[in-house]
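Each of the next two complexes has subunit A plus one other chain: subunit B in the first, subunit C in the second.
Coming up: the complex of A and B.
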């Protein structure tokens, strides 16, 4: 779509767009740029230039340890949510059974349930029953909130999936199990990858459940940042956030380069 | 191998998809299931493929009862209407899929896939993904994928409906040649009567889940069991009349339009002497008006189809009759003219009203 910039309506639209983007992106810019300032507090625009705060953030072992905890928990949560989500999406799209709609609603409900309620409930549940130990408590909690993301992406993909492909595989001698892994899964893979990435990100920057359920000695990165901010807003906290933004940017860039490369190959 | 359907039936609650169908397809022959959409032909095919469990009845391939065998153990080659090629696999990998499932060793697999690619003129396209192939090429990959496993039976679900008319005829004949060459017993589902007549040995006409008639193309065309079959296969004119004399098999019918014709009886006349006589367009000769045994009509329209010319003429009582004739014979007719229509003495069939 092209917009006629010269028309009054086009100019208004352009202005609205620019304002929205500025509103969304400026805070990120502040977080990335402010830690370069030499002052001992966050100032924008930064006064004087130094790499001190970024250096402090990188050399602070608490942040590195927390990053590893977060990566581990996010990876485990995303993979488990992916497996459960796909199995649920497959059953919900393939079979018509009593309570199918109710079950779908239950699977998606963590999206609307306040996380705090879930956190309190799960904390009580785990302490009463003594179920699961260490980081598995947080992983279990994150799986619950990650499943809806996998499901939301894979349900429409599986609904659109041409069932005759599965039948063709069966006709050629593949058991239902083999047909699923050899045909259904590869064909719907892009949707599943997208859902898993969403789940990973959801778990990675989740704070509330992590505050309640993380292992006492091994807080996740968001929890560590949150505590640091409460103690006093040092520029090194912003520097950590700045590094995260940079990492996210790199991942996005890599993803786009890869898909561009793949398109070219086809 | 011979395929036998014994009183096959499929119902969904009160809805009847297939009322009851019995048919035997001898080794190496092709049966066409023909009918309008919703007639139960696809349901029947899917029961044979194992995707739908019949409500009652049984399916036999050779001496074996396969009614309850799961789809992946049935050893049937199926060509889907949508082709159902695996979009993430190349043409060669699509064709190799069934061989892999059967544990065929790599060397033999490659050799069989290559042979099949050659046979279906796909040699240069082995590494292409389905979306990089034309409709006709995709169709050939689908056929190759079904044939390469040497199935005991071949099932075709409207395999030509997505091809354009020109490609359709050539592909149909090619497929029919392959099926004969491999001696494959096969079931072919279609809603296109000319397709069914040109490639099948036997045609089963279905309507609303009920088998209407089963027989060779000529039997079904020349001696349709009922009015539905007569109208579905080819073009048909029906003229009402009254039975004058005759036994249960053939009789003289006085048409309301004014002439008397001999007709073969189809179905049981019952107590009524009223019948409708089927007169195929090509069984009518155009002649000058007033000739004995001819009907007088007014030419309404003439449509030219190359080898055949259809002359549409209206009788005095308002019935529109279609005649098929050659371009030469059609010259005596001009739009608005009165003309004589002379039904042939044989090949007329009567149906009780």
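Coming up: the complex of A and C.
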């Protein structure tokens, strides 16, 4: 230990750290807890106790429809981004050629460029060219912002991969495809799964591209929540947000328990 | 073989990324008679838009400052703690990133309203003498946005602190440096590159954020992102909206080039082992 946590300096650091966590988690706690309040408006801490707002959120067909739209778009975007991204990541780590770094930088650049700018450009582009129909416009846009996440996670895993394993398979007579699917893929699979999960969540949570490009009449869940929040402060909007937070928490917990379990087994 | 592996990715980027962005720039700089910078002249000739640009950059600076003040100690404690809770806490830091910015902003809205928790706590502490409305103010936007972006700062800095050998701090202290001095002269100095990189990341995401300023700030806190939305979706002035978007794009692109240069050069800033 370099700094004693009990020294004044250590205490200040720990205090700021605790403050950070309170700050990070407070607004999330609010959307989960506030809808339990019995008042007709949202209050935190809640007054009284009721399940009626959560019940109202679950039985509201608008939210259910939006949830299904979001799940469908996130699933399609994540799978497409995963296949395209892994192929590119494999080539980026496998071959060295002129402009490789530039290509990698371009592939990663949607991470930092404003999605709003992307959304304006894509809306103009789609209306002028008439390319793609229905929800495919939003899926195409989400693929662009998902690929960087797939690359970010899979590039380091593929770089660390011991290439002599693949060469051994090739020497023993495996085709390049067989070597990839039988040797490379099983080793780098955790990275690929993590990248795809991240891509799914990115698409599922995204609101700006969805505001511009979602099919009219079929908004995604974040867009539905965004519009509802702008209109008013209904406790049922908080309840659906709270359910979303709880579901996300469960998925994260399950994912980490599973990977911890797998590490222990190996 | 390699070309075939690249082809889908390059194609998708060319059609849905490069082409739309290029035509966005083209639309912003053209009129019926050809090349024209009228839209830009309109932006830079109007004090109202200068104000919006200034407000956006100011918001970026404030958000970056808050995430640094909270992010540095948090990342340091998590990187140096030997408790097994540290990895769990790091996981907890990433959790807010998985929750949509819309939902997190909504949480702040509940806290910010006139009789919300923020106002009541401030009253109780005696800092104010009547209820305040943080909702629909720039202060509110900054507080909410800093929370949205804090996890990214903590994660970036955590990686940087982890890569700095703690023996270096040890050495400085055994040579007589007080802990605070060792932290400042050794750790923070070595982390300099990472701190600048994290700040650039948070700054560029802050100035391009839309959901939080639009929900928490409303019409009072007009920033570049909300102005672009207003011009395009509400006023249907797409050429001017495109020009606003292009200006934001150029600012962020400039910052990210600086960020890229720093990431490339980080090897030199790292401590020799």
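Assume the second predicted complex is superposed on the first by the 258 of 266 C-alpha atoms of A that agree within 3 Å, B and C clash if a C-alpha of one lies under 4 Å from a C-alpha of the other, contacts with A are read in each partner's own complex, and residues count from 1 in each chain.
Methods note: a contact is a pair of C-beta atoms (placed from the backbone, for glycine too) under 8 Å apart; a residue touches a chain by one contact, two chains touch by 3 or more.
Given the structure is predicted, the values throughout are model-derived calculations rather than measurements.
On the superposed subunit A, the two partners subunit B and subunit C both fit, without a clash. With both structures placed on the common chain, the touch criterion links A:66 to neither subunit B nor subunit C. In the superposition on chain A, A:248 makes contact with subunit C only, while subunit B stays out of contact range. Greater residue coverage of subunit A by touch, when subunit B is weighed against subunit C, goes to C. Looking at the shared chain after the overlay, A:214 reaches neither subunit B nor subunit C.
In the superposed pair of complexes, A:94 makes contact with subunit C only, with no contact to subunit B. By the touch criterion stated above, A:187 is placed in contact with subunit B alone, subunit C being left untouched. By the touch criterion defined above, A:178 lies against subunit B but remains apart from subunit C after alignment on the C-alpha atoms of chain A.
Looking at the shared chain after the overlay, A:169 reaches subunit B, while subunit C stays out of its contact range. Once the two structures are overlaid on chain A, subunit A sits at the apex of an angle of 100° toward subunit B and subunit C, using CA centres and rounding to a multiple of 10. Superposition on the common chain places the nearest Cα atoms of subunit B and subunit C 14 Å from each other.
Of the residues of subunit A, those at positions 176 touch subunit B in one of the two structures and subunit C in the other. Across the complex, subunit C is touched by residues 1-4, 7, 9-10, 12-14, 16-17, 19-21, 23-31, 34, 42-45, 83-85, 87-88, 90-91, 94-95, 97, 103, 105-107, 109-110, 112-118, 120-125, 128, 131, 140-141, 143-144, 147, 176, 201, 204-208, 211-212, 222, 225-226, 229-230, 233, 237-238, 241, 244-245, 248-249, 252, 256 of subunit A. The touching residues of subunit A, counted against subunit B in their complex, run 162, 164-165, 167-176, 178-179, 182-183, 186-187, 266.
By the touch criterion stated above, subunit B contacts subunit A in their complex at residues 49-51, 70-78, 80, 82, 84-88, 97-98, 101-102, 129, 145-146, 149.
Those residues of subunit C that touch subunit A in the shared complex are 1-2, 5-6, 8-10, 12-13, 15-17, 19-21, 23-24, 27, 69-71, 73-74, 76-78, 80, 82, 89, 91-96, 98-111, 113, 115-117, 144, 147, 150-151, 154, 166, 169-170, 173, 179-180, 182-183, 201, 204-205, 207-208, 210-211, 215, 225, 228-229, 232-233, 238, 241-242, 245-246, 248-249, 252-253, 256, 259-260.
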